[in-house]
Structures are given as structure tokens and as C-alpha cells.
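Here come two complexes built around chain A, the first alongside chain B, the second alongside chain C.
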Partner chain A sequence: MAYSEKVIDHYKNPRNVGQMDKASTEVGTGLVGAPECGDVMRLQIKVNPATRVIEDAKFKTFGCGSAIASSSLATEWVKGKTVDEALEIKNTDIVKELSLPPVKIHCSVLAEDAIRAAIGDWKKKNVAVEHSMATAGAAN
Partner chain B sequence: MSTTQNQPSTAQGEFDVSVSLPPGIKLPLYMDNHATTPMDPRVLEAMLPYFTDKFGNAASRNHSFGWEAEQAVDTAREQIARLIGATAKEIIFTSGATESNNLAIKGIAEMYRERGNHIITQVTEHKAVLDTCKRVEKQGCRVTYLPVKADGLIDIEDLKRAIDDKTILVTIMFANNEIGVLQPIAEIGKLCHERGVLFHTDAVQAVGKVPVDVNAMNIDVLSLTAHKLYGPKGVGALYVRRRNPRVQIAPQIDGGGHERGMRSGTLNVPGIVGLGKACEIAREEMHEEAKRLTALRDRLKEKLESNLDFVHINGSMEHHLPGNLNMSFVHVEGESLLMGINDVAVSSGSACTSATLEPSYVLKALGLGDDVAHSSIRFGLGRFNTQAEVDYVADKVIDVVRKLRELSPLYEMAKEGIDLTKVQWQAH
Partner chain C sequence: MPAHDMTSFAEPPTKIVCWSCGRENPASAQFCDGCGKLQPSVPVDYFQFFGLPRRFRLDRAALEKSFYALSRKLHPDLYARAGAQEQQWSLEKSSLLNDAWRTLRDPLARTEYLLELEGVRLEEQSRNATDEAAASGTAKQQIVPPDLLEEVFELNMQLEEMRTAHASGQNDPAMAAGLQAARRHFESQLEEAMEQLQALWAEWDNAADAHNIVEQKAVQQKIVDLLNRRSYIRNLVRDVQQALAS
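Showing the complex of A and B:
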């Protein structure tokens, strides 16, 4: 199988590998995929509660080279974005950036799922915060 | 070997790891000898005259060109027969093992229809047998697919129970192409003989690697091919027993009545000469080669097992081909591992490497979880592999597995003692 240069680059030099404290309220964790399907991604984000900017991101992936590259790229892209901006990232953007062939599109879908799951987890933890911010906004 | 051949690979897609290239290693390195084997130069040498000067048609009865070709074919028949304990007249030439398996199963199903319509096979057969069985099922045969045990072997008691008064054929492979396990062929043959049922074996991976004796093992029909034993592609043979019992096979290709009427078509003389020569070499060198390959295979296994945790050997190591090692590197996905060792040619049971996106049905038949199947690598050592190559491959695999495990959330969780089977996964 021929891999694109960008996939090979991410595979050889994966960005932002690691883990963050799952318990921290600033951290959102997304664990998607399943071992029996051949890919599992864990993507974590660390969000500044005041600005809602993703200040750091980490990942670990069990999967093929394209799955590793998709999640590595996802961590690069979410960093510096607000959570709302990060939700705009589409799997098709990842496909385009990495020149993924049709059989590898599911890797990009999984990466998008991982971003959404991580943000979802962060939001769940910060329901109270969100709520108080929303009411504060309404009061103004 | 010149030093220029020992430059580190500049191929893309591998980790920048510091495994230095030892002397004697030339990349890319071939260690996938169950897929096919490189041709032995002695085989090529024997074949060459039959492409040019000795081009005759073995069926030409009226001139020396034909006689010369026929003589060469007869010699090859002898060489093949001797390797498996058969007689020359029992060898039918085909285009390869897929055709041999088709001819055996379809030809017997058709010829013995009045006696019965039941065929017994097992689940880890090659597709050339399984798909042929599916075809004859559509034509009115009943096929029993025996399960295998966790070690990849059938239970002979299952076979005993499966045989009934309509059973005409048992077809069980000699050696498995993925996990290298050797089925209890002599026991199966004995049982079939006692019960008056024909026994066919797809012996593609076994012939020339381990001793095969059609009489001692009560084999009635046997498929083999040249390219798995250092011969050319596109030529194979079917052994068809002539006595006790005399096996009859309905031809599947009609034409000039070649090969005792069982397989028409002008003989591929150069290919047949190559197959014959490959069998002769195998007969002379098999014993020594098996010892050498077993030692190399064990060396590879030891190195991998002693340097990595969470490894799993697939298939019985007791009943095993000399050059085969099928290992799962749990928590690492097979395709990503192949990508990291891309200057080494091996195979994976991972779904990502297959056309169907399904993990290996052979590994699944052993009862392994899909995740273990996804992590499997098949190493196929052959005649031209060296100890230096084994060491290089072992070091490289160890390095890449370690790197990928640093990336693997499953490995991290397993190390923390989390039971991965209890995690609520989001299958997709």
C-alpha cells in the first residue's frame, strides 16, 4: 500500500503523544473505536475555562498508519482553537490534508469522533461552569 | 557480498530507529515464503533449454522434438512421484494448486455422485478448497466444515462422527498457510481408508518441507504446486491414486485427452521440468533444510518472546512447519507494524491488510479475538534466509513494536491492569 508523505511523516514523528489527567476538570477525554475493529483512539484536550481555548492536546492510537496520522493531525489542529472552532473540523478536511484513500476514510471519521467525544467530555464536566456563564451572560 | 549492498534503506515509511544494517543484509528482505518462494537457480537452469532449443510439444508423437519434451515430462513425473512416495503414472499436471484443488473436489463430486454427495472439510482450509466446496454445495453436495481446536488442529473424533453413508470425500489440508500447523494426516488417512471414503489433501505448504508419503498416510488425492517449493509459478500437480483404491476423477477441462483424460491441454514443459527439478532438490535437501529452518524459526521466536511482553503464538508449535512463525503482538495493529518494518516482506492477519477488511478467518477459527487477529504477523522463513536476516528482522520488529506500544492506548491500559474486555467500546 502506498502511503502519502504526510501520513508517513505523522507515523514516523507523531505529534502530541501522551496522556493528561483524566480527572482534571480542564481536561476532556475522548476514547473511540474498539479493539476488535482494529482501531482505538484516545484524544485529550486541555481547555482554558475562561477563554474556552484548547491549550493542549494529547493522543494515543491503536490502529493502522492512517489512523495514527489522523489522530496526530487532529491534535495539531485543535490546539489554539476554541472548543466551538474545534467542532468545525470535519473528517473530510483530514482526508484532504492526508490524501487518504477511500479504504482509509473511516480513520478520519474516527478522528472527528474523537475530537467530538473529547469536547463532549469536557462540556459534561463543565456543565455547572457553562450554566453559570450562560446565566451571567443573560444577566448582562 | 559487496559493501554497497549494505547501505541503510532510504525507503520511506519506517521509523528512524537506530538498527544498524549488519553485513550480509540486503533490503528489501524477503521473509514471506508461504506466499511464494524465490526460484532456486538450479531449477531455472534445468528449465531454460525447454524455452528455446527443446521447445517440442510433449504430445507430438512423430518426431524427436516431441519425444524430447515427453522424455523431460516423464523425468519430472518420476521426480515428483518419488518425493511423495507415489508412482509416475499417478501424477497429473495442472496450472497450480487452485486448479488441482478444483479438479480433485469437483471431479470426485461429479464422478461419485451415485455413491453419495457428502464432503467433509474444515474451516481453516485455503479459499481454493473452501470456495470450491461452496460451488459443489450449489450443485447438490452437502458439505460439513469441521471446526478446529485452539491449536488449529481438527479433532479426529469430530471427523469420525461426521462421516456417514453418503460421505464420498474428506478434504483436509496438510499444512496451514497462515499458522503452519500440520493436521494429523496419517490418522485422517487411516480413518478414511477404514471407512471407505476418499481422502484428498491440499499439501501445497507441506510438500518438500516435511516428509509426505501417500501410501503410509493413506492419501488418495493430493494437490501440490511448484512455486511454494522454489519452482516456477503457473505449474502444479495432482496426485491421483491408481490402486487400493483406484480413484476416478471427472475432467473439468475438456480437450485432447491429455493426462489420462483428466486434464486436457498442452503440457507446460518448461514449468513441469522446473517442478520436477524442485522436487528432486527438495527430496535431497529437505532433511537438512528443515533442521536449519526450525533452528532459525526458534531463534526468531525466542528473541521476540524474550524482548516483548503481550506476545501470543498462533497455532500448535508441536505440529508445525519448520519455517513458519505466526505471532500476535497484542495492542499493536498489524498494518502499522508492517509499515514500520516496510523493508521486510512478511504478512499480517490484520483486516487492514486484506481486501475484505475482515481479519484472518484462520485466526478467528482458533477462537482468537479480532483484536489478537489484527495484531498478527506471519513470518515465513525459507531456503534463502540466513541467521543474520533473522537477527535483523527480530531487532527491527522489537523496536517498532515498542515504539507503537508507546502510542497504543490499549497497551497503556493493559499495563495499568485494566481488563480490556470489560471496557465499554464504541464499535464503529
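Showing the complex of A and C:
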């Protein structure tokens, strides 16, 4: 099966490969796996606590070309978005952008899962921040 | 014939009447017990096709024997001068026979197939969990335990390091030894998973014999978990073998 040009581009020049300090409170880490094929993906985000904007993102994927391209694209897309905006990214957007065939849909699902897991991890670390935001919101 | 349409197995017919002599035969019969004529193809699953109970464990040698016997008896050449219907049935049955044989003879394919008959959709479990997570706005419930993911990820990192060193032509004997050791480690884990699978097969089969549906479902879940775990180990084995071959 032929990969689309965009997949090949991301695969050959993956953006934002790397890792960040897992222990930092500004960093959220998502580690996910696709049992269908046994591939694993780690996606990390660095969030500005004041603005909740994702300032940086890194990934490392052990998987097929589509999974690498999906996670590479995901890191590009989340950067500059707030965590809530990033939660809106759907695997179908990735499928469209990369023209993934049906058998490769689960690879994009992995990327969506990874984004949500990374944000979930960041939120867990920042419950205090969340809480104060919620009360501020309620006061309005 | 929709051999893969599982819904058609919801209520399999138990008896069929021979079109030629009118005798009642079990639905899985390929030939009439009375007149020996080829019977119509009915939607049966692979186990039923071989007249086997739906169990994970089977006698591989006996299966092979009936496969060869049936392939001879069902061969379309034998029906070249028979009626159009019989010709059609022999074609359909021969193709079903081959699918059934290929699936049932392979322990993993058989396991996945039986799970599917029991309503487990291995391919969909992950997709469903993602949809649930998206709907509730929470992080997805991972199908495999997080510590296994951590372990697999770490092993992949180490493996990658060794591979890069290996590929860059550093003929580092320590590195090669490391890869060899990793290979032995993963291969033995794969074997271990196979042994665990066989133990679970026995548990499920016994529960099925005892009509203990609750127990069957519980064991089924354990089998799914094991298969998921196994696919990660299988990848590690594949990767380390590639590294060593390069």
C-alpha cells in the first residue's frame, strides 16, 4: 500500500521528536498503545500554567509510518493551542490531512488517544490550578 | 456464501433434509447418511463444518486427517458431471473447507476466530474505548495495563539504541551480545505467553463443557488481555530479529 506524500514527509522528517521532563508540573505525558498491532506512542506537552496554552510538544513513536506521521502532525497541531482547543482534535482530522486508508485509521486513533492522555496527565498534576479556575468561573 | 457473516450463526439449523432421498441429517453433514449424496451448503461456522465442538483445544492430527479426506471427497472434479447445484455446493464447500482448515490449524487464528464467534471484536475494543473517552472528555482507558506500556516503551528505547549502534557499523561485541540476550528474553516471553494461552484454553473449554457461562466470559477476558500483551512482545521479537539480521 502506498503512503501519501504527507505521510512520507512526516515519516522522513518527523517534527518534534524527543522527550521532556516527565516530572515537571508543566509537562503532561501520554503513553498509549494499539493492541491491534502492538505499536506504542508517547506524546508530551508543555503547558503555560497561566494561559493554558501548549507551548511545546514532543513525541516518540515505535510503530508504523502512519503512526509516526500522525503523532508528528499531532505535535504540530497542538502547539499554540490551549489544552481545551487541543482536546477538539479528532483522529478523523488526522486521517483527512494525511489521507490515511481505512486500515491505517487505528494509527491516527493512537495519536488522538495520546493527545488526550497527555492533557489528562497535565490536568491531574494541576488539579489545584483547575480548582481555582473553576471557582473563579463560578464567581462570574 | 457469507461465511464470515457471524450473524448467520445466531440460530444454526440443527437438521437438514436430504434433497435426494429425504432423510434427516445433522446440519453439519457434508453427505447424506442414507444415500451418500452431497448436501447443500448451509451457513455453518468452521467448527461446525468439521463436526467439531466449539472449543479452543483440538486434535490437530485428527483435524488434518479430516481435512485431507474431505478435500478429496468434496473436490469439484468429482462433480463435473453432476447437476449444477451439486457442482455449486462442491465449489462452495471446498472453499469453506480451505478457510476453515487454515484458521483452525493455527492456534492464534483459531483463538481469535473462536473469540469472534463468542462476540468479542478484537479490532473494535480500542476504537470503542476511544469513543467513550472522547464522549466523556477523559483520557482513554488503555486496553493494556500502563506498566506493560511503560515496559514495552523502555525496551523499545533500549532496542533502538542498540540498533543504531549496530547499524553505524560499530562492531561492538557487547552490543551484539546485548541484542542476542534481548532476543532470547523476548522469545522466551513469547513462549511463556503461548503456555499461558494453552492453560486458558483448557479453563474455557472446561467451563464450556460445564455450561458455566459466567466463567467462560471471565476466562475470555483473560484471553483477550493475554493476546493484547502478546502483540507487543511479538513486535519486540520482530524488531530485535531485524536488528540482528541487518
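The criterion applied here is as follows: the second predicted complex is superposed on the first by the 131 of 140 C-alpha atoms of A that agree within 3 Å, B and C clash if a C-alpha of one lies under 4 Å from a C-alpha of the other, contacts with A are read in each partner's own complex, and residues count from 1 in each chain.
Just so it is clear, a contact is a pair of C-beta atoms (placed from the backbone, for glycine too) under 8 Å apart; a residue touches a chain by one contact, two chains touch by 3 or more.
Since the model is a prediction, treat every value here as computed from it, not as a measurement.
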Which superposed partner A:Gly120 touches (first chain B, second chain C, both, neither): second
First (chain B), second (chain C), both or neither touched by A:Val17: first
Partner chain in contact with A:Glu112 - chain B first, chain C second, else both or neither: second
Partner chain(s) touched by A:Glu5 [first = chain B, second = chain C, both, neither]: first
Touched partner set for A:Val53, first chain B, second chain C, both or neither: neither
Partner chain(s) touched by A:Val32 [first = chain B, second = chain C, both, neither]: both
First (chain B), second (chain C), both or neither touched by A:Val40: both
Touching partner for A:Val103 - first (chain B), second (chain C), both, neither: first
Greater residue coverage of chain A in the superposed arrangement, chain B or chain C: B
Where chain A meets both chain C and chain B, residue numbers: 31-40, 42, 60, 62, 106, 109, 113
Chain B partner contacts - residues on chain A that touch it in the complex: 1, 3, 5, 8, 11-12, 14, 17, 19, 31-42, 60-65, 67-68, 103, 106, 109-110, 113
Footprint of chain A on chain B - complex, ascending: 12-16, 331-333, 335-336, 339-340, 350-353, 357, 359, 369-371, 374, 406-412, 420, 425-428
Chain A-facing residues of chain C, complex: 122-123, 125-127, 130, 133-134, 137-140, 142-144, 146, 149-150, 152-153, 156-157, 160, 227-228, 231-235, 239
Chain C-facing residues of chain A, complex: 30-40, 42, 60, 62, 87, 90-91, 106, 109, 112-113, 116-117, 119-121
